[in-house]
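In the two complexes below, chain A is the common chain; its partner is chain B in one and chain C in the other.
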Partner chain A sequence: MTTTAMTAGDLSAPARPRLTRWLLRLHRPALCVWTALVLAAAALLLLLHGPLTDAAAEGWRQYNHCAFNASCTYDQKAILRYKDWYNYATLTVCALPFLVAAWAGGALIGRELESGTARLAWAQSSTPVRWLTVRLAVPAVAVTVGAGLLAWLHQLAWSAGQGRIDTAPQWYVLFTFHANGPTIVALTLAGLAAGALAGLLLRRTLPALGLALLLTGAVCVTTQALLPHLWPTLGRTGPGYFYSPSRSWQVSGGEIADQYHVTYHPYSHYWPLQLTTTALVLAMTALLTLACFLVLRRLTGKAAPR
Partner chain B sequence: MTDTAIAASALGKQFGRRGGWALRDCTFRLPAGRVCAVVGPNGAGKSTLLALAAGLLGATEGELTVLGTTPAEARIRVGYVAQDKPLYPQLTVAETLQMGADLNPERWDAAAAEGIVAAGDLNPKSKVRSLSGGQRTRVALALALGKRPELLLLDEPMADLDPLARHELMGTLMVQAAQHGTTIAMSSHVVAELEDSCDHLLLIGGGRVRLAGEIDDLLAAHTRVSTTADADLAPHTVVESRTTGRQLSALVRPSGPLPDDWRTGSPSLEELVLAHLRNPEAPALTPAEAAV
Partner chain C sequence: MSATMLTGLPRTVLRLHRSALLAWTVFVAGMSGWLVWLTEVTAKNPEPQGLLCFDACGQPYVLLDFATEMQWACTLIGYCFVGIAAFAGGALTGRELESGTAQLAWTQGVSPVRWLAAKLALPAVALTVGGTVLVLVFRWASTAHRTQDWTTSATMFTDRGPLVVAYALCALAVGTLTGLLLRRALASLGAAAAVMLLLYTVLTSFRVHLWPTVTRTGPHAFDLPDNVWLVSEGSNAHGRFATYHPASHYWPLHLTETAIVLTVAALAVLASFRVLRHRLESRV
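== the complex of A and B ==
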């Protein structure tokens, strides 16, 4: 009946449907935008790391040299330029989870289910489970590479300013903390899974986009609430009001019976906090992914074991 | 290959936990190699039934066997074209067929798919989003037939086509069915559209199977009678009866010889379908009853 196809199939191992190729073809514009965004942000971070930091550091050196000499001049523009561009870069990196969530909920899953093309894909020689697996795995690779690169460059740019620019943000400042390390990669992956779940639940582009953003926001808020407690804090007690040591992140402070008490994370807790937070976010991502497959099974009936 | 393409028993599908039942208590058997018309009014559950058979929806209750296995297992051997003919608008016609080849590597028949597209005078380089409804139908059918399915499920396949293209594509489908023994189930709410090409009928109304079987058997099982108004139609099963003056005309399923003084005639398929749809209380005729 299918002679040509049969002989070709007998000679080699059975050919697998090439889902990845067509996912990349269908979402080529998104891949181009993602690449352009990562490259632009990377260029900005390299600029920050080099010339912008150097100019601002020179500005601060001049300023500190002036002491109380009123007629002294210093390069204030360079300092402000550094501050602005640093904020733009950090916010761009921290927006990645939301961008990816909106795309995943709207374009990757929601639109396919709304227009019925998901059924077209399922009616080929593959299964819905494979369809969703490819749709999550391929973007996950792109997201990990892109967000990982930006986090590493951000860490470089941030380190370059430490000790040289007096107003450079501390390691524990919300956006800086996440943009500096693997947590942003985990959060972006969580955004992808949240978007996919929103798309599968609502099956319409715009509502899915909205729910994707809400779910990602919920993941971020939960993470931020738990973050200080993911590693044991250090404490200090003494008479009178005092601060936690310099460069440390004060978590709580208060007076009990004439004794003032603070708890804090010293800078040495940076990596433990980064890694435990990343693990927490990845665990939430795994739950969201599991939920995606459960919803898909509810949509399509019991999956074939293929 | 089994001799049964689709077998359903007490099949039901409910949308949402408290939603209505799109299908309920559906029991029927579609033998392999048949061309089956799935007929019913809008919203009768035709699309739901086809999507269930294509393994794209999970049934809420009951059993559904497709090509001797579960719908999900059979999916690789089943072709399906949804009612709105979804295609990726950003791809060209040629890319869409290439996608079919890549996603069905063990089964793809490029010549068959390209033949259907070529017959429609379509430029392979035009984007799917620029196509007319009929042209999209043609590409969607090419994609489904290129898979060389053993069972082809078509939801309202001819709705967007002009009469010429309808005739031509129906011919292509019949050739496919004859050459490869493909079972075809296609839905429509227009009976006349399918009457010439189909040999099997599945009439669905209100989410239930009203008639199922070979069209010839179904027609033979029914008789149009006209007699005097005081005649007693028992013990025959009455599908529909109407009294005009002293005249009684009815569509009955005779359960024995009819009296000689009744005038009888055989109904057309359309009359049969309409009579059942107009009278939801009329008893259904499905394989269990038909297999006597």
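== the complex of A and C ==
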């Protein structure tokens, strides 16, 4: 009894880790590129957090000290350098969903289905459902770790400049908002699921890559359109024109019957907005993942064993 | 025989890449339509009339979403070369060499040199025509309602002249070269897009040095016109100084960068033919 159980265990046990190991072996270049990208962006964000912010803050201190004295000099180069590198870092972090989507649609799923490698794998020990599960789960771990690290470092770098650099972006500015928090992790996971869906739908490398980018773009546009409405805004009404409070995100403003009206999100809405947006994007990711498995079932026939 | 071949090869290239041609047509038509809509409908919206406009009373459209949408259109046109590089590296050459379709075509009476020439010439025509349309429509839209100037926006600098077409052609040539070098669709797609982004970033950061700046000095503080690109200002022992590009430097700067980008494109085309010939010689 024990020997047969052990033999059965020995036969079935190695199958599970092996699928993961193949996946890591096959996509070793992608893993290396991802690691290099995350490390380079992390190094840039640390630089931004330390010396670049300090130099720009010193430049702003000199500038404000000058007041309107025209013959006064200040370190303008440091201020411009900070602005440039901050933009590079933020755009790199915000490009992650699209990079992951292109890779997932092209290399992870589309190429395997085009070349027939996937069908070969299904004819071996692994079932299609397990094949897809491993292909989604392992990259999801790498994506969560990498994007999470970068979002945390970006938040640190951004906070370091607040109140010290007069031109540092506000919390609600499009790219800064997403690069600063968990929404970018959720968006990158959505990119992974969108890429997998595109690959399964088109089953050809380059068209799948294109569709993956379009789907991810659609997820981003939808998220951005819904974002201001995901938490109740505050409002103010009064005679005459006025702005919403400082550091608040003005959502709308206008004049109705001689009364000026603004609605806005104060800075205290930052985390509620981040978390509701993350939840919304994760819900879309879940729908995309569900669609992946439904398309896979249609592809392999209902008879495919689980 | 040769006459049918001449009509045959271009037709084959167009047929093979018809979805890419369709995507490019949709992009050009969509961007043009969007810009026309922004200029004729969004910017003429009477909504901001009642708002206090402060220093923007002469241009109430900047109070609307017009400025943001215009910036997005400007960015998409300015960076469309990344998609073109991806297409040229991935679909145009990389995929054909990876799957062996190219090698098959070379045995069917299409010489490799003519194959490459057709692959470069036909997309180049489509890119030149589409790029010219985009530049003309963008110039019309950005002149009708000014939101920002070329002195403050790097993409505005690119989009108002032939530099858009130059970057598109350079992306085509660089993508073709990476496809021939790497012979794998996805690797060359990524390499081509990365190389073009790098080239664009480097050229943008050196743009200010492409033409000599004007220096103005004076014993006291002075005001410069609004539409100049200020490079540096400060004071020394003799008084105040400022170096800048006046508005009239737009075309010298723009055409110098266009010439540099087209030179890179020509070198990439030359290298592509050399790589192809080297590959054929080493194969035989």
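Here, the second predicted complex is superposed on the first by the 285 of 306 C-alpha atoms of A that agree within 3 Å, B and C clash if a C-alpha of one lies under 4 Å from a C-alpha of the other, contacts with A are read in each partner's own complex, and residues count from 1 in each chain.
Rule of thumb we're sticking to: a contact is a pair of C-beta atoms (placed from the backbone, for glycine too) under 8 Å apart; a residue touches a chain by one contact, two chains touch by 3 or more.
If you're wondering where the values come from, they're calculated on a predicted model, not measured in any experiment.
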item	value
Touching partner for A:Ala218 - first (chain B), second (chain C), both, neither	neither
Touched partner set for A:Arg119, first chain B, second chain C, both or neither	first
Partner chain(s) touched by A:Leu91 [first = chain B, second = chain C, both, neither]	neither
Partner chain in contact with A:Ala279 - chain B first, chain C second, else both or neither	neither
Of chain B and chain C, the chain that contacts the larger number of chain A residues	B
Partner chain in contact with A:Arg111 - chain B first, chain C second, else both or neither	second
Which superposed partner A:Trp22 touches (first chain B, second chain C, both, neither)	first
First (chain B), second (chain C), both or neither touched by A:Leu39	neither
Overlap of the chain B and chain C footprints on chain A, listed as residue numbers	none
Chain A residues touching chain C - in the complex, by the definition given at the top	70-71, 73, 76, 106-107, 111, 205-207, 209-210, 241, 253-255
Contact footprint of chain B on chain A as seen in their complex	1-2, 4-5, 9, 14-19, 21-22, 25-26, 115-117, 119-127, 297-304, 306
Chain A partner contacts - residues on chain B that touch it in the complex	51, 54-59, 70-73, 75-76, 78-80, 82, 84, 86-88, 90-91, 95, 99-100, 102-109, 140, 143-144, 147-148, 180-181
Complex contacts: residues of chain C adjacent to chain A	19, 23, 50-52, 90-91, 95, 185-186, 189, 220-221, 232, 234-235, 240
